[in-house]
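Take a look at these structures.
Each of the two complexes below includes chain A, the first together with chain B, the second together with chain C.
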Partner chain A sequence: MIPTFGYSVLVITFVLAIYGAGAAAAGALLRWPVWVKSARSAMLLTFPLISLSALSIIYLLVTNHYDVQFVYNVTSNSMPYYLKVTALWGGQAGSLVFWCWLMSAFASAVTLRKWDRDSEFLPWVIVVALVTLAFFLGLVIFVENPFVRFWQTPGGQQIVAMFQPAGAIPIAPPDGRGLNPLLRHPGMIIHPPMLYLGFVSFVIPYSFAIAALVTGRTDDRWIRLTRRWTLVAWLFLSLGLILGSRWAYDVLGWGGYWGWDPVEIAAFMPWLTGTAFLHSVMIQEKRGLFKRWNIVLIILTYDLVIFGTFLTRSGVLSSVHAFAQSAIGPLFFGFIALTFGVSLGLLLYRWNILRAEGQMHSLLSRESLFLFNNLLFMGILAVCFWGVIFPLVSELFSGQKVTVGPPFYERSTGPLFAGLLFLMGVAPLAAWRHSTAKTLGKAIWKPFSASLLLVVALFILGIRGVALLGFWLAAWVTFVTLYEYGRGVMARHRRSGESLPVALWNLAARNRRRYGGYIIHLGIVLMALGVIGIEIFQTETQGTIRQGQSLTLGKYAVTYKSLAEFDTPDGRNVARAVVDVSRDGRYLGELHPRRDYYYESQQPMTIPGVRSTMEEDIYVLLVDWQPISSQGATFKVYHNPLINWLWLGGFVFILGTLVAAWPDKDPEEEKMRVSQPVVVPGRV
Partner chain B sequence: MEQSISTPQIKPANRLKFIIGGLMIIAAIAYLIISSTQANAQYFLTIDELNSRAASIAGREIRVSGAVLGDSIQYDSQNLVLKFRVAHVPGDNKDIEAQGGLAAVLHAAVTDTNRSHMDVVYTGVKPDLLRHEAQAIMTGHMGEDGIFYANELLLKCPTKYEESVPQQSGN
Partner chain C sequence: MKRFLIWFALMSAFGLAVLYSGRVWAQEPTPSDDEVNAVAKGLYCPVCENIPLDVCPTQACAQWRDLIREKLAAGWNDQQIKDYFVTQYGDRVLAEPPRRGLNWIVYILPPLITLGGAALVILVLRKMRRTVPAAPVSMPQPTPGVENTPIDEYMQRFEEELRKRKN
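What follows is the complex of A and B.
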């Protein structure tokens, strides 16, 4: 029986993970290399084993085994194959298995690297990875089992159980409930895997950090070894966030892209600490500072990943107060408390050998600006964390449930994001170690003046207030970044006589992290333009109009042409309106806002008609209509200026991350070469 | 955080500079969080709580949750005015769990005629999830006419996706 098989494999993997963690720890403590070797094999095996189990679930999903509760809940006969496969992460139990699957893939991949020079890290990396894996497997096996089935007892009762109760017969409903229609969107199909990939790959740098603490080899070797893992984790997490926000824009029908919902914040928090970490490790590599702080950041990131997995799985969409409703809540909090406590204990134990190797001299030096960057990221994290836990805290102390909404986050993070943008402009031009207002001023005056000129131009065009500040910051970062690129290219061009395009290519190729990082900064700036556009300049209108009548919004007019209602073979009733969009009386095109009604789940879904240009989106929602379509229909129209810069910026952002994370020709050799001057005897 | 960058060798004056700079940023962040919390805190009340202290919360922005009575939903699609009635549900998750989960609580709320009810007016697009036995979470203020004027409406339908046993089974 497939369900029994899949479940048994999970149990075996769970036992194996616990064995592996134990054997690795024992092998390291008793200096018994054979045990470590055995633990390594155990970790390698977790991936093929969990694959078997995950494939079992996929098989059950694709073959419509509705006697399995999970399959019943997330699929139905009318769903296409690709949706049945991806329904694996359409519900809590399946997505936890999926999490384990990805985790085991990364864990197995880590065992395959060359360990010769870092063999003392190996056992502790295994311990951390396998303990994490065992925790999630334990959740699947004991609490959220995707293999439980429906049974009918001899007494006629319907029950849910893993194994056949005495005398009971299995029940197989003819059709399942189907995946939530809101989740049947390409963005939502790849959004969870991206987010999860980001989550699980952060476990690897964390496990190296713990290994460094346990073994006392606390130079920056662990950071160099995990640099690429961290970038890959960050890449996937960023991609997950961007896809999620695109999904919200396309599907949720409120013309927005980010709602400060606890689920969004849960995925955003590890991104914040991860970003701070990516910045501050550079200071440790360059200057030997921030060693303790980097350990704190990676510990925070790991526990926020666990917290995020919990939050994103505790309620499908409406996450308002979904905290305590899941049985796995206390287990998650227990695990977070345990790992956080043990990690901090280890950090304190190694506190003295993690002393900084130098000191900071000047408030305006590069390292000092990185410190302020970290403080701002921590500030945004504090805002997010406070917002999420505030209802719980206020209830505890005042007995009164008090919540904070999006205005709270917008008001308190706005200045912090602005501060980060400002630093993004200053820091690339600040010198290391000694930097004074005079030297810094000399470095930045050209791009600074250029950005001021742009501000004057925008002011004349009538832009004021926060928008003007935002545009100035965007211009400022853009000019600084381009200036940096220009300086580098010109220097190469003069020195080696390379042509400018070649010089640009070689510049980026030789120092991928730096110049990839600058591309990421440009991506952020483009995204900021989109955010400014939609947050400050969005306008909307709504109304009911008859055929031939128009709604006007600024320069635009939306004219209602016709409406058709029909049933589709996949169980939807579709009401599709045809509207014309024109600008200043000039016809631009036709849009088809529609409403799909899913019979199975009795849920309507609003799909906007969008006319997209780099300048703006005209986003039309069909709100309501009379059964006889000549009577009229109600539309809501949004004008979202600059919104596509947000998506373009996301694309540039991901591109920059790829540049920064792209493997070097010979990574091992590269690492050896760069790490030589760092591992100076007697320093640790 | 200051500790992580400070080392014994650092000159006191130098160190002070960073401590002051760091503290200023931390103070600014703390100010932002505290003032934004004060400006934007919304009390989360049940309908019973709302009725028992109508005076003290007049004009304040609050959040209320209730079970939607399907028969009461009226939607004027011309003017986008949505009117409906909600029944009291307990606010505490422990109470909800004790009474058999959100689905059972919502069902009990709409069938029990002795519950306190509240009329809601919301201007805007009728949400897709608004229907009988859904949980509505409304943000807005209580009018002097005893009607709740919501400017934000969130809906939750717990019964829909994950369910323990299918309602009708075919063998």
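What follows is the complex of A and C.
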């Protein structure tokens, strides 16, 4: 009964979404406000309806309804409650419903804001949101239905169907297959929701862009309205990516944080265009330039979001993440082609009225540097896109399957990322409009010289090559950013006499976007330090040792002390080793690398024992190349220098985004509070 | 006597083994795991997608790593082992597509696109600079010879306030 209920609610929502989109379009084109109001109500109704359906799935998951195929696939008796709830996004069908749930929530939130000055946008925002929602609902209803159940036909056959076939009886297996062990980690629990939140919230700026195109509003109103949405979307997407890489480092067992896996890249591509967009819209707001380019960027971001969901869900590019193949592929591809075509068509239709309001004055102006920033992001996008697509192209045209792996990506994107770091150090000091090499040089020479001094110091310490370049870039950006902060604080301090900490606080508070952005840049620099450390200076060793014996890696020794093997109540066999870590003979601590073997899914998982300091990680894995026993076990030891700067940088990055996105008090309200009462002569 | 000799031989063998094993830190099969990993790092699991051979946990990969160990012990070098795997399982075992035929597209296209983009950016920048500069926004100036009406004065002050707030 519950499955039928959950499914019917989705069907109703699907019809409602199509109705709402049609009503909004008709109401806008034919100027019938009543239809637009009706569409708005339809939009708002989708959220409670989908909530009912999603909650039905969660109910079925938590109450072990194994007659439902989805529940059978992702849960089992031995799983704890909270994991059963999060299993909603542990499988294809459930996660599509989850996507719809988030989409309707965000679209409803947008619909509920004050629309007074922008009411002409409302119908088109509703159209885009509901068309997207209808597409995903359609996928769930027709292709990947989480409510299908197991039945036994009168002929004895076991089938899967939504509604009861004639004469068939429901089958309920006694236990489920259980969630993929890789997904049973806290990082993996919040990583998909964060990514989906990022994906879904990027639909909002896109819908405003389409609304602006349709209504012919050529000013930057649509950008100002969605400024905060874009930042929030970008925040969630960044957080999702950072959490994903933390999870990979903690659990996937190869001592790395980013494998250039197609699905990682699928989530990375909208982030690239999203970041380019974040920067580029500032130019449109300040100077009225690049209107067409901004529209192109948000269209790309939207379609890459759909493409990203497609890559994760369709299995067209098998990877660590991919689930089983299904008919979803062609449908996604069709939807992307359709939306891309229509969006581009609208852009071309409005091409002429999107003329630039100003002009570019110099190659070294901030606008120009932002354009180069965009160019580099597009370059990285081209590398990622081709790298992901090429194995398919190759298989299609030559029958040969090839792998495009990390060496390709690292070599191709490395210089581009370095270029971006360099720009991060120049652009904050470049002026808008007019900037010559001389004026730029004057602004830059102090932090630049400081960074060169640091480079000389590092060179003396023995750092060479790519690492030296990387550290220089990090120092360069840090000094420039701190210089900018310093100048701002000193200016405030001198002008208003505020103490330095107060001046700092007020500086950031008055111009959150700019100074929050600088904090984000600092976060990126810290992350770059971590990346340089682990990519260039990582060392590893592996060996099979008996109890009491040690593996050496440089100055470190890892000694095998003991092993405990036991079964846990949630269905796994754990082999837990105790090892001692020492450096130069001095004892540092004890680590517990584990190998968990999940009986249900017959899958092993290696959890490393890690000793973390800001200087490095000693990362010890219990590898089961040879059978693990107290007589002998194989260990792999990684030495990962500076890796924790990556996580610290991620934290600073998120903090910076929160600063940038924090709501300002309404500027009109603020001015009314501080202004003097106006005295009109001749009146009392 | 015979028993004693057998016992003595066994004990000596055992003793020698203990002596020798005490000399090294870890039990090192030759070639060592590190040497196998060094080769395996450059190869990808022929069966599971996108997982490098040195970290792949499956049975099949374990067998392939043993194969690498055998080949290393037989004196093959890194390149020979890679070529062997390619002949057996195809180009997909390599970490990046071998540079021949159709595969050149993936190496050439992204740099081409970036350079093309750079050219486009520079062209656009040049073009935007050559367009007629926009007429400067005119402030209401008091025209000489005409009386400055109160409205003009208020307009001037209004424009000034507006500019101040904008900055």
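Everything that follows uses one rule, which is that the second predicted complex is superposed on the first by the 640 of 684 C-alpha atoms of A that agree within 3 Å, B and C clash if a C-alpha of one lies under 4 Å from a C-alpha of the other, contacts with A are read in each partner's own complex, and residues count from 1 in each chain.
In this text, a contact is a pair of C-beta atoms (placed from the backbone, for glycine too) under 8 Å apart; a residue touches a chain by one contact, two chains touch by 3 or more.
Keep in mind that what you see is a predicted model, and the values were worked out from it rather than measured.
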| item | value |
| --- | --- |
| Fit or clash - chain C, chain B, common chain A | clash |
| Partner chain in contact with A:P330 - chain B first, chain C second, else both or neither | neither |
| Touched partner set for A:F150, first chain B, second chain C, both or neither | first |
| Chain B versus chain C as contact partner of A:R177, first or second or both or neither | first |
| First (chain B), second (chain C), both or neither touched by A:F397 | second |
| First, second, both or neither for A:Q359, with chain B first and chain C second | both |
| Partner chain in contact with A:P262 - chain B first, chain C second, else both or neither | second |
| Partner chain(s) touched by A:N73 [first = chain B, second = chain C, both, neither] | first |
| Partner chain(s) touched by A:E540 [first = chain B, second = chain C, both, neither] | second |
| Touched partner set for A:Q549, first chain B, second chain C, both or neither | second |
| Overlap of the chain B and chain C footprints on chain A, listed as residue numbers | 253, 289, 318, 320, 356, 358-361, 363, 368, 371-372, 375-376, 378-379, 382-383, 386, 390, 394, 400-405, 407-408, 412, 416, 542, 544, 604, 606, 624, 634, 636 |
| Footprint of chain B on chain A - complex, ascending | 69, 72-74, 91-92, 150, 152, 158-160, 169, 171-174, 177, 180, 253, 289-293, 296, 316, 318, 320-321, 323-325, 355-356, 358-361, 363, 368, 371-372, 374-376, 378-379, 382-383, 386, 390-391, 394, 400-405, 407-408, 411-412, 415-416, 542, 544, 601-606, 621, 623-624, 634, 636 |
| Chain C partner contacts - residues on chain A that touch it in the complex | 253-254, 259, 261-262, 289, 318-320, 322, 356, 358-363, 368, 371-372, 375-376, 378-379, 382-383, 386-387, 390, 393-394, 397-398, 400-408, 412, 416, 540-546, 549-552, 557, 604, 606, 624-625, 632, 634, 636, 671 |
| Residues on chain B engaged by chain A in the complex (per definition of touch) | 1, 3-7, 9-10, 14, 17-18, 21-22, 25-26, 28-29, 32-33, 35-37, 39-45, 63, 75, 77-80, 91, 93-94, 96-97, 101-102, 124-126, 128-129, 137, 139, 152, 154-156, 160-166, 168-171 |
| Complex contact set, residues of chain C against chain A | 25-29, 32-34, 37, 44, 49-52, 54-55, 57, 62, 65, 90-98, 101-103, 105-107, 109-111, 113-114, 117-118, 121, 124-125, 128-129, 131, 133-134, 165 |
